[in-house]
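Two complexes come next, and they have one chain in common, subunit A, joined by subunit B in the first and subunit C in the second.
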Partner chain A sequence: MSSTDMTSPMAGNRKRSLLVDIVGAAITLLTIVAAVIWFFPVAWAILTSLKTDDETVRPGFHLLPEAPTFNGYLFVLQHSDIGIWYLNSTITSVTVTVVAVFMAACAGYAISQLRFPGRLLLWWTILASFMVPGSALIVNHFIIMAGVKLLNSHLGIILPMLITPVTVIVYKQFFDSLPREFREAAVMDGANEFQLLFRVFLPMNWGITTALAIITFIGAWNTFLWPFLAVQNEKMMTVTVGITAVQDAFGVAYARTLAGAVMAGLPVALAYLLFQRRVTQAITLSAGIKG
Partner chain B sequence: MSYVELQNVTKRYGNVEVINNLSLGIEEGSFTALLGPSGCGKSTMLRMIAGLEEITGGKCFIDGADVTDMPPAKRGVAMVFQNYALYPHLTVGQNIAFSMSLAPAPKALQESRVAEVARMLQLEQLLDRRPAQLSGGQRQRVAIGRALVREPKVFLFDEPLSNLDAALRSQMRLELARLHQQVKTTMIYVTHDQIEAMTLADKIVVLDKGVIAQTGSPLELYNKPANKFVAAFIGSPAMNFVPADVASREGNAVTVVFAGGNRETITARNPATADKHIEIGVRPEHLKLVASGSGNAAFEGTVSIIEQLGNSTLLYVDTAAGPLVVEGEGNLKAATGDKVGLAIDTANAHLFGDDGKVL
Partner chain C sequence: MLKNRRNEILVAAVLVAPFVIIYGWLFVFPTVQMVYLSFMNAPLIGQGTFTGLKNYQRLFADKIFAGAIWNTTYFVILTVVPGTAVALGIALMVTRLKGWLQSVILSAFFLPYVLPITVVYLLWDWMTNLQFGVLQYVIEPIVGKPVNVWRTIPWFMPFAALLTIWWTNGFSILLFLAGLRNIPKELFEAAALDGATRWQVFSRITWPLIWPVTVLCLTIQLILQLKIFDQVYLFAQGGATQKTMVLVQYIYEQAFQKNAGGYAATIAVALFVIVVAFSILQYQVLRIRGAR
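And now, the complex of A and B:
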């Protein structure tokens, strides 16, 4: 064998490796550019919220505040009901998270593990329901909530937000994937259906419940349209709705408006930072369903 | 009535009949193995006794009580599953105590029972570990412990050793035999491994396509198979079957002619049957090597393969009647290509009719 023959596979490997490096570098660069483009408005909002109102309307492009100040934040805290809005958001988001995840676990378990008349019809109804966008139902929700006199109440915000078919589907798929011996062993040990669900099935992978709870919470906290329609009373507003009131009340005062926006988004940002891996897991779990 | 009794039990999945009008009695304190190939219905039978499968027709009794429609937990049975089914989020101790915690039994009682079972199964050092941190044998012991803690009337084992390697399987066989001697509880054991059934059980039920092919002690099945299916299924290497024609009958003595023209007289168990074309069943250890062309050779042939197992030697011999396996002593001197004669130990030969039943 000639020396050329011996070296050519190595040379080929080097070429391939170089190509992989170049493609990898290009992808990394693109990712960085995308991250910068995505994060720029967030960073600008945070930096603007630390400026004085005069500085925000000064001509020219000044990204960094000359003398960072928390006046915008102090003003919002002192002159708005943001504390009450936080409380409303917390009450509604936590309730929606707990109740929706609990109901989805029960429904997913029932459809996956129990045999009862209408099971398949129920399953297809749930599958079909997540193909209808929530905003398409919002008028119906409004009419129903007005009919039962639940507008301007926590319950009125919460009830329509409990419809989370994707969570049911994720749970059903998880329960389907468990070997049937776990159920049979527990049944032989004398477990009833509730014990099976809460002492065997759910604890076997709390990660799924945690992940679903986090994305449900983030979704509930960020929801704007339904609470915006369901609540007119300022004392019942959630943070996302309340900050629009800040803008209306303060006029053109970007620092204060953006301070309110940053405060509204802070819990979700913190939740995401703390539970990044769980959020990614939840997105992965539901990715195949949402397509 | 037997301690566990199935009366005319049938199991159907839609139009497919898995168990066909099966009746079986199992005595209290016995170790019964349900043996058969995959798909013969043995696991379905066990699951019907457990209450995990509905019985389509017939009745199931345990300790005199009709449990046909009783939920599994109320039947007084405990089951060990093939893949252990240990709850991964619970420790060994919590797994063993699980059934008691559901009741719920007092904490002190749970702890004392878990300690007792752990001592019996040598699990004391592992009580705080989770299943993922255990070896296959340890997991199997925990699964047995989980069944043991319930003090059931009947233990059900569904191929519990099939996930273990050969060495561990033989060790666990011994432990199960010891456990049965210790607790003396009725045990029903499903397996497709005849060695497990033969070594553990005092009664074996051989199943074939949803019906009982034969029931008896391990040696009864080995020495007096009721039909060709049992004869072929029990024993390793498997029994040789050679087609033959009946030349004459005198009482129980049936003289047969083999394809090579050689004759042999074999004692039948059911001489009344008048089949003309039959099959002779001979276990490899009941064929003797003799000099080629000697008068007492039933078959003449050539050695094609030799397997030396240490304690015995297996010879695969091509004969006019077909290939035959012969089991000789460990130090047997033979070489491939040797011309040999094979003599039948007629006292241990079996005659099978056209329908596969022993004659």
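And now, the complex of A and C:
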């Protein structure tokens, strides 16, 4: 064997690791390009919303607005009920979040920690409701809400959206995973069940509650089909439903339309960006994966 | 002891009461009522007459219903496997990155998932606009002319699928990322020491170990996309809705536009049966996975 042969494996390794670096850098670059393309629709909407209506229909591709303006936003604020829609969305989404999460924590705790008749039946009902498509029930939800005269009201929007079985399932699994000693020790100390739930079990992991609350809020804010059916009165619409009304009313005026879209998406986008880790946690929990 | 036992039941009753009332009233009752209504010839609101199996006979002979089944299936085919594949690809790209770059890139991929469908609709409606839409710069060189995608039947479902993958993929990406993180690092280190190529690492380590998550994503997507309504409804508004009709849209049309509550409930029962069947399948798949 000659001396060059002796060194060649190492040289080969070095060449190879250089190659790996180049391939790795290329993949990273590709990832960044893909992310930019993926994000483009959102960026394009924001950029369009800052243009004048003339500029949006000018031929040719112009990425940036010539003279950024908030006129589209002002127009939507002044000429639509978006303020009221915001209020409606906030009232309904916050109520759904608080009530659904509270209800789920109580039910999940009872099913996990207490023994009572009908416990299994209840658990099976929850698993069943997890499977049943909410969209199959729209007709009957409409009939029920019409029957109690709750169409076109906040309560009418809220009630059918309280069916969020995943939240109960996640809570039950969380309570199941806690060591029984906690409970026994607290019971010895004379704590009652309500104290146990709200002072011992829930505080042990507020992260789960936060995660479930955020994902429930985003889901409620985004729901389209039910609020769309339950409300005909424009003053009672949620933002999610209302902004398509802006589009119809303003005709060909893309800056305005997209300003409305940006405003409608902003709260949930912010909720995600601020609580990224919790959103991730909620999604992996709801799919039953340990993150 | 007996007192404790009774106390426990009482506490449980108080804790589950709100839940039982809401689920009884708005889940169990409407489900039963839906089945009952499917045997009636009834308007949306008001009295109906019992017609036995007539609605079901009509359903099986209904060409629009068959079309809705086909369109829904077509949409599922276009979204479920391609979407999951794209999500896996993105997760593999994102998982290599570190620190702030990873969070920024992941946010870019995930953000669409948290947007309301009407926002997504307005964004894409603008991008696909026949005269001014930015996507026409991509479509025109390929096809030779701008295409009104939401009014051209062969283009409708593929574009609805594209938009849906863009919108809902964040969910699968997160599941894949969690799955990839659960693969022991030592396996990759050992493979690197053995001089395995990227492809070998993927095909011999990553793919087999990520397969359970892939199955999970596929089944979740399948059940989700069977219930497609929002995007198809919004984009087909004012156009030839029958050609692109999907199942939930047909329920909506019969109940709220044709005022046929009984027949709408019959279609809802059909959707119900389909989704529950696939859910049971998913449950079995997950159980098998859990047993492994």
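FYI, the second predicted complex is superposed on the first by the 253 of 291 C-alpha atoms of A that agree within 3 Å, B and C clash if a C-alpha of one lies under 4 Å from a C-alpha of the other, contacts with A are read in each partner's own complex, and residues count from 1 in each chain.
Keep in mind that, in the parts below, a contact is a pair of C-beta atoms (placed from the backbone, for glycine too) under 8 Å apart; a residue touches a chain by one contact, two chains touch by 3 or more.
Since the model is a prediction, treat every value here as computed from it, not as a measurement.
More residues of subunit A are touched by C (comparison of subunit B with subunit C). Once chain A of one complex is fitted onto chain A of the other, the partner contacts of A:198 are absent, as it touches neither subunit B nor subunit C.
Once the two complexes are laid over each other on the shared chain, residue contacts for A:86 go to neither subunit B nor subunit C. With both structures placed on the common chain, the touch criterion links A:57 to subunit C but leaves subunit B unconnected.
In the superposed model, A:188 makes contact with subunit B only, not with subunit C. In the superposition on chain A, A:41 makes contact with subunit C only, not with subunit B.
Of the two partner chains placed around the shared chain by superposition, subunit C is the only one that A:107 touches, whereas subunit B remains out of contact.
Looking at the shared chain after the overlay, A:162 reaches subunit C, while subunit B stays out of its contact range. Residue ranges on subunit C touching subunit A, taken from their complex, read 8-9, 11-13, 15-16, 18-20, 22-23, 25-31, 33-34, 37, 44-45, 90, 93-94, 96-97, 103-105, 107-112, 114-119, 121-127, 129, 131-132, 134, 137, 166, 171, 174-175, 178-179, 181-182, 195, 198, 213, 216, 220, 226-227, 229-230, 234, 248, 251-252, 255-256, 261, 264-265, 268-269, 271-272, 275-276, 279-280, 283, 286. Partner subunit B is touched in their complex by these residues of subunit A: 179, 181-182, 184-191, 195, 199-200, 203-204, 206.
Per the touch definition, subunit A reaches subunit C in the complex via residues 16, 23-24, 27-28, 30-32, 34-36, 38-39, 41-42, 44-45, 48, 56-57, 61, 99, 102-104, 106-107, 109-111, 114-117, 119, 122, 125-126, 129-144, 146, 159-160, 162-163, 168, 192-194, 197, 218, 221-222, 224-225, 229, 239-241, 243-244, 247, 254, 257-258, 260-262, 264-265, 268-269, 271-273, 276, 279-280, 283-284, 287-291.
Contacts from subunit B toward subunit A in the complex involve residues 50-52, 71-73, 77-79, 81-83, 85, 87-89, 98-99, 102-103, 146, 150.
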